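The structure follows.
The first chain written gets the first letter, and so on, giving A, B, C, D and E; residue counts start at 1 in each chain.
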Amino acid sequence: MSLEQFKDRNVMQNYTYIPVDKPPVKPMDKFKQVMKRTFKGELFVGLWVVFREMVKFDIHTVKYPLEKLPVSPRYRAVHKLYRLLESGYERCIGCGLCEKICIANCIRMDTRYDENQRKEVTEYTINLGRCIFCGYCAEVCPELAIVHGQRYENASEQRAHYVLKDDMLTPLDFLKEGKQQEYPGFGATSPNADERIKKTPLAY
Amino acid sequence: MTFTAFAIATLIKILVVLGIFSALAGFGTYLERKVLAFMQRRLGPMHVGPYGLLQVLADGIKLFTKEDIVPQNSVKPIFMIAPVIGAATAFIALAAVPLLPEFTVFGVTVHPIIADINVGVLFVLGVMASGLFAPLLAGMASANKWGLLGAARTAIQLLSYEVVTGLSILAPLMLVGSLSLIDINNYQTGGFTEWIVWKQPVAFVLFLIAGFAETNRTPFDLLEHEAEIVSGYATEYSGMRWGMFFIGEYANMITLGFLASLIFLGGFNDWGFIPGGLAIVLKVSFIFFFFLWTRAAWPHVRPDQLMWLCWKVLMPIAVINVVVTGFVLMM
Amino acid sequence: MEHMETYLYIALFAPLVGSLFASLFADKPKMLVTGIGTSTLLFVSWVSSVVLLMHVYHGDVVHVKMMDWIHAGGLYIPFGFVVDQVSATMMFVVTTVSTVVHVYSIGYMDHDRSFNRFFAWLSAFVFSMMVLVMSDNFAGLFIGWEGVGLCSWALIGFWYERESASWAANEAFIMNRIADLGMLIGIFLVYWNFGSLQYDVVFAQVDGMDATILMMTTAFLFIGAMGKSAQFPLHTWLADAMEGPTPVSALIHAATMVTAGVYLVIRANPLYSLVPEVSYFVACLGAFVAIFAASMALVNRDLKRIIAYSTLSQLGYMFVAAGLGAYWVALFHLMTHAFFKALLFLGAGNVMHAMDDELDIFKMGGLSKKMKWTMIMMTLASLALAGIYPFAGFFSKDKILEVAFAGDHYILWAILWFTAGLTAFYSFRLVMLVFFGEERYKIFGFHPHEAYRYMLFAMSPLAILAVIAGFFEHDFIHLVSYALPIEEYEVSHTVFWILVVITQGIALGGIALAVYKYSHGGFSKKWEETFIYKLLFNQYYIPKIYDEYICKPYAEISTIMWKDFDLKIVDATVDFIATSIYKSGMASRVVQSGNLSNMLRWMGVGLLILLVAAILYSPVR
Amino acid sequence: MIETIAFYLFSAVTIVMFWITVSSKNALYSMSALAAGMIMISGFFFLLDADFLGVVQIIVYTGAVMALYAFGMMFFDTTREVKENIRAPKLVFLLSGLTALLLVIAFVAPIAADHIKAFYPMVEGVENPQAVGVVLFTKYLVPFEVAAVMLLVAMIAGIILAGKKMDESLTLKIEEEFQEKGAK
Amino acid sequence: MITLSHYLILSAILFCIGLYGVYRRKNLLLLLFSTEILLNAANVGFAAISKFYGDLTGQMFAFFIVAVAASEVAVGLGLMIVWYKRRGTLDIDTLQSMHG
């Protein structure tokens, strides 16, 4: 299944509206309904449908551990923390917006001023056990430093594994190999963002 | 035949039937999962063995090795006995069912029926009816409100549908004039056109519907309706005790398949070029498949709909069928 | 024959239907429809009776068996009806008189509160009477017998608010019960000896019977007849029964019920004819009552009582005839008497109505101007009663005298002959005092008026019959000859004519005396001082004697029995039993704890005892 | 041989089961034991060649009657311990023991023997259900119909009794209930 | 060899077990259980006599007893439900509002 198919969210043409009558109340009406449903063959329609599917053998099973379905780019799975491409520093500027906005209270950060009087992030944890993957943190981040990744298999044997910053931060060698893709997904600006910006009075 | 020979033969038959049908019951679960999966565009068990064939074995091992949990407040002896009743009644019911035509092995003619009693049909029905004690006692003994609800549903559902079963089977019995399943089978020796189902289509449909209720299958599986009462009477069960309920249920399904085949579908008579032994296996298989088929196709009913269906629709139809049959026979 | 049965049932049950219909409205205010309805149904019954009479005229008999009434062990009593010549005559008489009386009563009871109830009872009476005369066995006869008694009781006491009326009703009823006991014994004797109660079965076996048994049977049956027909000494109730409404007196106490005794003797004639002793006693008693009652009628001042005594007297005549074996004569006199006596009573009813229920004839007089038609009809009836040619009474009464003379019973003949004179006298005394002479009613402030026109019309058939009934003598003889023995009396022509002349003479003499005396102011007062007058006026002191020598000692004995025997012995015994049971119940009450468990255990104890008994006394051991 | 074994086996099981039924304090034990005993009784019927009766015993007693009782137990909340105030237990033992003794004596002593005559003798070669049917629908037709009517009446009575509003009785009303009604 | 006496004695014993239950039980439901035992004991006796005298009358009686038992359960249970709804207990000792 290609990505384009996935992006097409217009599913309305496939909807079938089922008219719902009031359920019968009187015993005679109930009996009529049963008779109607019995002899109209609705029951056999059901039987036929499943039998047809069995014979057609049109299996839709994804052998999951062996094959996986593609994930939408805007999928909100485990977070990623990005680095600056040039310097390899973390993008996070320690503004603390993500900590403030997190409704599950799962982000925790400690900051201090370093010797250059720049803000330095000393501790940064996201408790994935509590996270509800709402995406607010990614949306609020001014630097695109925290984004949602595609990794949805996060089973583990220890709770401690759920808070490891290192798992989320792009490894340096990875960065050097140029594998850190610029994030187009959730929280990123849309491709046509410039067109959609309304000019403010200040711009004049 | 001497007493000893008789005893030995019977013992062997019992063992064979027990073994085969236990295995069949296990295999039934595999079949069910596969068929349901295919009908739902799935593959079903695939990983254990080729095409998941060894899944049965895996499940068996799992059930046997699981911890046997007995809740503290339950009535322990009865809690422990209840699943046994379920399995035992299912197999006892099989005792009076002629499974295959007579055949000869090593020069010995074998009657593939453990006990040929002349009230065979009634015996089978009676024993299957007393199988209701398994879920009933299980639910009542397990000190669990879902269990109790399941037990209550057992009482009303099985008790009510017993009536329909009995009445629906009465009309064919009137035609044949005997309660022995072998006599009923012999009545239909004439071939395809002689099947009782052509003479008693209404009875056949009623018998099947009631059979669904008696064996506690969808669309009438209210005793363990997952969406409503967790797992009904089996909520507190685990391990092999839980498994025994299912062996009983599948054995009952097979018994019912045999009954329907023998009474309505020509039994183990030769069917055209197909020899009788194979014919009945085919018929039973079809009925078994039909059980799975409906499970895939049809939704549950509500308990009140179930009772309504039994007493206000099926039973009157059954009575009318019996009366009409009686009049026709008199004329 | 089939449709004859239908007529029979119609004649029998039409009055019953009328009675039931009227009784539906018994507690409602007057509804004319009850009167008209019952009268119509009675007319229907009358028509049926006439048809039956025509049918049996040539000797046929209609006999139906309606149902098996009692069939227990050896006792078998079918319930059937027979219409032979005797009962057809009776039916004709009964339905005729009662139809007339019903129509008459619509006018007579016009202003009565219990109009509907009256007709319910009256029709019920007719039904009972029909059962009595139509029954083909003694049991049915007895039912009718008791039925007419009951209706008579209810009708005498119709105005039960009056003490005298209810007293008279009870008296009549009790007297009749005493007599009925005798009758019942007679019926038992019949069943005991003949093995059946069917008339034909019984009468067929009469010949071989023991004379004593026959005598006892007939005697006891006659006791019943005496009660019903108010013969001496059970006669007192009839005069008192005049408390009832006048139509009732006309129907029950003149025409029908009181003649039931005569009917019984006629019906049982095969028995009586075999027992000359009893028959002769019957005749003697009849003659005695004839003169005895007539003598009392001579002096009585009460309009209805005079007629009642005359009824008694005429019943005496009938018994003489019956006792002498001339049953058909008795029946004939019964019929003619019914017509003119009913007419007389109905006329008296008119007079009473006119005089606001005043009965003393000395307060009347000169009513002929106001009530011409009533006067004419009552005079006709009185002439018939007196036996003047050509009125109906002449034929029947003269026949009785002839029978008595021909049978060599000269004393009886003499008594009857004298009585005929008395009869003529007192009937015309009544007519004179009521209708002629000075108009004394004005002194007492009465305003008499003639009765309703339709009442007079209703009476007219009776008047006509009272005049002409006698001319049907030969037809009557022909009719009853199929059922009753007809004997030719050997009286020579000369003797016959002499007898006629003598009888007519004394009757006319009596009339002449009465007319002469009472048109000239009546007898003087000094007559009232004589012993004879007092004796007669007080009815021979018989009511007093009954009261003194029967009622009072009986009351005393009753008191003694009540105080000494009943209270001290019977009650004490019963109380002792009750108390002991009560006490034992109190004592054993605790056993009944209501606890199911305990009861089950008691049951177990019982089972144990039974088991022990079963093992010890097993019959198959 | 096998009959003897079966008889003694069934007897032992039945007696034990029934004893549990009458003596157990746990109602569920009682019910289960009773049901088991009933099935064993049907075993006796099969031994006695009364096949049809045996099947009827299973279907009616274990299938219907005991299930109804179980249903009742759920109604009455008696699936657990039953508290019973037993009075005079010795008397109970004495009574039933004596009865047992007497009955056994009565049956051992040939009191009833040799006096019974077969009115409807079993015919050789006719199967039991058939024979039963013939007798039931000829000689015992009227009782059979009466029994059918009785069952119908009982069914209606059961439905009516267990139905709504039947627990409100005017005659058995407790004083407070009246006042309660009046207050409304 | 099993004779009639065996069955009759068995029947007697079962009957007395039932009797014991009837005497002892205070709970109405359990009391009814005991009565079922009584009926079944009688049924065994009937069936045995039926067999050993070759007469079907015994079985007929047993059938009617079964019918009676079924009716008894239907009505009895209905009555008990009514009683339980009113009183909240099935103890017989509470069931004596009519003691003398």
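Throughout what follows, a contact is a pair of C-beta atoms (placed from the backbone, for glycine too) under 8 Å apart; a residue touches a chain by one contact, two chains touch by 3 or more.
Note that this is a predicted model, so its numbers are computed, not measured.
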Neighbours of chain E that also touch chain D are C
Does A-B or C-D have more contacting C-beta pairs? A-B
Far-end chain from chain A, centres as C-alpha averages: C
Counting in whole Å, what is the centre-to-centre distance of chain A and chain E, each centre being its mean C-alpha position? 70
Using CA atom averages as chain centres, what separation in Å is found between chain B and chain D? 28
For the pair chain B and chain E, the C-alpha centroid-to-centroid distance in angstrom is 32
Of all the residues in chain D, which ones touch at least 2 other chains? 52, 56, 64, 68, 71, 73, 91-92, 95-96, 99, 103, 106
Residues of chain E that contact two or more other chains, please. 19, 23, 25-26, 93, 97
Residues of chain A that contact two or more other chains, please. none
Of all possible chain pairs, which ones touch? A-B, B-D, C-D, C-E, D-E
If you look only at chain B, which of its residues touch chain D in the complex? 3, 75, 77-78, 81, 117-119, 122-123, 125-127, 129-130, 132-133, 136-137, 140-141, 148, 151-152, 155-156, 158-159, 162, 166, 179
Taking the touch rule as given, give the residues of chain A at its contact with chain B in the complex, in rising order. 27, 30-31, 34, 43, 46-47, 49-51, 53-54, 57-61, 63
Inside the complex, what are the residues of chain D that reach chain E? 3-4, 7, 11, 14-15, 18-19, 21-23, 27, 30-31, 34, 37-38, 41, 44-45, 48-50, 52-53, 56-57, 60-61, 64-65, 68-69, 71-73, 75-76, 78, 82, 84-86, 89, 91-93, 95-97, 99-100, 103-104, 106-108, 113, 116-122, 131-132, 135-136, 139-140, 143, 147, 150-151, 153-155, 157-162, 166-167, 169, 172
Per the contact definition, I'd like the list of chain E residues that touch chain C in the complex. 19, 22-23, 25-26, 31, 92-93, 95-100
Chain C residues touching chain D - in the complex, by the definition given at the top: 597, 601, 604-605, 607-608, 611-612, 614-615, 618, 620-621
